[in-house]
Amino acid sequence: MILTLKTGTSRQEADKVIKKVKKLGYRPHVSRGVDVTIIGMIGERAERYRDVFEAMDAVDHISEIEKPYKLASREFHRDNSVIRIKGLEIGGPKIVVMAGPCAVESMGVTLDIARKVKAAGVSVFRGGAFKPRSSPYTFQGLGEKGLKYLSQVRKRTGLLCVSEAMAVDQVKLVGKYCDIIQIGARNVQNYDLLKEAGRQRKPVLLKRGMSTTIKELLLSAEYIMSQGNYKVMLCERGIRTFEDSTRFTLDLNAVPVLKKLSHLPVIVDPSHGIGIREYVGVMAKASVAAGADGLIIEVHPKPEEALSDGPQSLLPSQFERLMDELRKVASAVGREI
Amino acid sequence: MILTLKTGTSRQEADKVIKKVKKLGYRPHVSRGVDVTIIGMIGERAERYRDVFEAMDAVDHISEIEKPYKLASREFHRDNSVIRIKGLEIGGPKIVVMAGPCAVESMGVTLDIARKVKAAGVSVFRGGAFKPRSSPYTFQGLGEKGLKYLSQVRKRTGLLCVSEAMAVDQVKLVGKYCDIIQIGARNVQNYDLLKEAGRQRKPVLLKRGMSTTIKELLLSAEYIMSQGNYKVMLCERGIRTFEDSTRFTLDLNAVPVLKKLSHLPVIVDPSHGIGIREYVGVMAKASVAAGADGLIIEVHPKPEEALSDGPQSLLPSQFERLMDELRKVASAVGREI
Amino acid sequence: MILTLKTGTSRQEADKVIKKVKKLGYRPHVSRGVDVTIIGMIGERAERYRDVFEAMDAVDHISEIEKPYKLASREFHRDNSVIRIKGLEIGGPKIVVMAGPCAVESMGVTLDIARKVKAAGVSVFRGGAFKPRSSPYTFQGLGEKGLKYLSQVRKRTGLLCVSEAMAVDQVKLVGKYCDIIQIGARNVQNYDLLKEAGRQRKPVLLKRGMSTTIKELLLSAEYIMSQGNYKVMLCERGIRTFEDSTRFTLDLNAVPVLKKLSHLPVIVDPSHGIGIREYVGVMAKASVAAGADGLIIEVHPKPEEALSDGPQSLLPSQFERLMDELRKVASAVGREI
Amino acid sequence: MILTLKTGTSRQEADKVIKKVKKLGYRPHVSRGVDVTIIGMIGERAERYRDVFEAMDAVDHISEIEKPYKLASREFHRDNSVIRIKGLEIGGPKIVVMAGPCAVESMGVTLDIARKVKAAGVSVFRGGAFKPRSSPYTFQGLGEKGLKYLSQVRKRTGLLCVSEAMAVDQVKLVGKYCDIIQIGARNVQNYDLLKEAGRQRKPVLLKRGMSTTIKELLLSAEYIMSQGNYKVMLCERGIRTFEDSTRFTLDLNAVPVLKKLSHLPVIVDPSHGIGIREYVGVMAKASVAAGADGLIIEVHPKPEEALSDGPQSLLPSQFERLMDELRKVASAVGREI
């Protein structure tokens, strides 16, 4: 961490800052210019004390040389992390497509969609059993019954499955029935939940919050990893901006930036990211071209009867055609699906 | 809820929508124009089915006549709700000031601040025992030990106290030691936590998230109230925008809008809302003029030694002067402190 | 335009609204429900009077059935508009790549870049002669001298060229030397400038402002078209959001949405949209996959000596490789470059 | 300007940067640490070359010690600037209220409003003759005829008046008929217009754009001042955020920040800043408490007949009551109206 003192700071005041650096156990590296004094603070995790120095009047501003996240950073792990689940590799050359309904509603419909997306080439089935809804009066998901349906789907189709845990006591439950535990956008800074996910051994799909910066997303991944679970996927799903003709603004810039800063696989959710069915396919293709390691897409045979997110779900026939188109784009950027 | 069909929708397609309305148990109120057909959907909580109709091709757009929140709405309770805690009234004519350090750090410092803010006229002491920090490597709060310090402060000073619960199992714990349970900005859509707070009888201070709309904040209050706890205060604490010369953008527009839409007391947190010490006092005054029912302000005798949020904490002497200034502004808008 | 009156509006108050509709020369189409009265306002350009009705107490809200833009809308022109310039087609099956330095700096460097991008397959050369800079103390462009250099480049290389006009009196000047007149992001609502561009016959490249909605961008295009110049290209170049790890947030969602709402060609500027050299290529590929009809990319042989936007300019060798990669992505989505 | 080089930069690469600093005519002030080398660049207006250094691979990041604006900065002029117009002082202890209709519509209505706001204590009359409207089909203002009405109002009432210039050739015209030339939010980075305003001797009211940062607003003021016109007022009028229950988000944080960074008077426009009549008064009071030197408020006797911005205009009777309330708040913060 580098502390730049204010122009005109007296030697005495500067010494006060230097003394503080030492007191906290760091080695100060001081360079005094004509106008300005700069103090490097050498040692581990100096950024913990950022607040302390920001509060000192003599300090003009602070630059972090070290990144605040460690385990999630590319410096910590130079190669791409590949997460392996029963023969499937996420983060390797092959792009992984996850698909299924927003919410698990009934065994029949769920199994029907699963068979269709499997036929189209999907390897991971998505379906919500616990649904975070902004209104307490809307459908909240089937709960454990929904997870049991997913478990049936796995057995009968051989698909892997991913589902969201919204609360600490749901984490183990989702882990019991599913292969991947999803942490949703609204819970990206629910640190208790992140830590619980970090205590599991199942892979975690961590969604970016609607106003989470890239740096904060990596810090949230760090919360999971700091508990010992390194199998984390990062998921861009649209951020909140002033634009109101789409549900969210899919921030595809985040894909190459995350791939640069971190070794973790990056998944994109174009369904939430644009939120309007007829545009989902195009944005899925753009996501692949932007370098995504995977996609998560909502599919429903009767979107107008879906109890959640109908307007953004693809019909199975649309999805099937999309998979063919995605294969071409993947091949154009040197990958495959 | 009102469904406007697309220009050129055939009678047959329109009938399909009408049939759906009936099937869901609502009475359709149809008006066919030359170009456009409009369908009113009469009955309780029609907005639950918004997604269903959004997903129908014939539907152009949907207007909600009824608000999605009920218990939190001004329609449900015409007069201002006044929350009473041991003789203190929040939401009445008197503006309530809550003050204290960001985090509880030691018994000595905590008690010292408490005595100073009490002398300045404060009735509620704030202090965090559980701290949501974006990095897992920064100070996370003293936990239950911190709550015990707060409990001591209550006993020795007679101040009420408020502290944040970040996880379901912390809600009861905070309720045990404190008078008001705070739900923080990052947890504003942690529905499990909201419901747990709703099952308590202690008042709840609900902070707006950094990208939560006013409507969503009221829906989050509704989650708490739907469990039976009507003692909810709404807190504006700054939203995330493109402006980077302040920590957040304090949205004071939200104060009159919330007062209009809801009967719940509205508190403002200028410390987080601007995030820079020298501007906190001015924004506190603006908050009172904007109609806030209360303020929550960070105070620390040695901000440069605070383990969290030092840069935005006022010195006790600054805070004391501010209280005098706030009294004048309160009086100018027909209230008192 | 459809006016929904407030619940409980009296017959008398409703009649006042109806009378107003008639007075303004529109035919009211009234449907009275049990709770709510809805008034359709039939006739051309009713949205001009939106403010009038919003200000009436009885009016709860207003929905626009007709789009506020006409000439720019897909309804006005069902097929894609193809802009033809000396044999080049913009908006047709072939994707057009425009490339060159941010600013024209000297004849030598400019011609060198032009030859290199031409060799790589570019058909339109970009280069700024008038530069909008946020500080009055930074390089402001060479002015007409820069345009003369561009004119030389055209003659010697056969490339078409595009350059920005920032002021009314620059529009004709740019039109004199160049093939396409660019209106920059900061001037997207400079209506005087838009109208002047509309009075020319040269095609216009209209950049979206950093906080312009898609609807507002189309209205700005409408300003140009309403003066008789229908040759308008829309350009997405990144919007301003809370994310600060990239210069702007490239809103690729805007591409399919604009293609749906409008018949005008859509160009993407990934250089400004992400603002960091090493990510520009990836975002260019994503733009093609998202359905862009063209790209505009900054290229400079010595970015560290560029007087403007060096950090986001590609080296000619990087750009050459990128063109090969773009051809593959274009082919994967059924187009060519 | 301070250049921090990347960790591990070789001596040779560092020397290349140093050489560049010298070549541009600056004195380098180098401090080499164990891990990191820092180069201070001493001399005037080094920030012009920011792009040059950002584009160099060895440079990790750049901090500006000097502010990019000079004349607008508090460092340039320690005391508050007071703008004097015929006995009126803007920026002094007295808060100035400007009021009037959004647009000048007819002589009769305009004069009527003027007399009413004058009676309520207003000293500057506002009224638009040139109206920037997002649609080319809505009312665009009366043009010079409107300015003549304003001129009549001045003569008959003795009020000063302010009106907007949207184009270079309107600047002189507005200056001819009015006392203050307004530059609107959409033109805040129309540099040609800013320079033209800078060539006048009449005071300028510069509105912040809906996505302009505080720093950019000060740079736009610098454009005007760099031409010799130092009589600039800065105006906060709401920024664009995700919140959609108000028209804009009034950023009152900007008031104390602007007062700290600059010596120029700060005006607030609560009418546009919240955009809904019933909340305008409350936000006007909050603006005064936040330290505004002036307010600009829309007033119209028949808002439902106003051709522009009716929904946010106060009735004269509401405005009169508001003035009384504002006086109390002003007095509470040690000022008067």
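All chains are identified by letter, namely A, B, C and D, in their written order; residue positions are counted from 1 within each chain.
The rule is short, and it goes like this: a contact is a pair of C-beta atoms (placed from the backbone, for glycine too) under 8 Å apart; a residue touches a chain by one contact, two chains touch by 3 or more.
Just so it is clear, the structure is predicted and the values come from calculations on it, not from any experiment.
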Label of the chain whose CA centroid is most distant from the centroid of chain C: B
Pair of chains joined by more contacts [C-beta pairs], B-C or B-D: B-D
Mean-CA-position distance for chain D and chain B (Å): 31
Centre distance in Å when chain B and chain C are each reduced to the mean of their C-alpha atoms: 39
Per-residue overlap in chain B, given as positions that touch at least 2 other chains: 211, 240-242, 244
Chain C residues within the chain B interface of the complex: 2, 4, 7, 29, 31, 33-36, 38, 40, 42, 60-61, 63, 65, 211, 240-242, 244
List of chain C residues in touch with chain A within their complex: 211, 213-215, 239, 241-246, 249-257, 260, 273-274, 278-279, 282-283, 285-291, 325, 328-329, 331-333
Interface residues, chain D side, partner chain C - complex: 20, 45, 47-48, 51-56, 68-69, 132-139, 166-169, 186-187, 189-193, 209-211, 216, 219-220, 222-223, 226, 240, 277, 303-311, 313
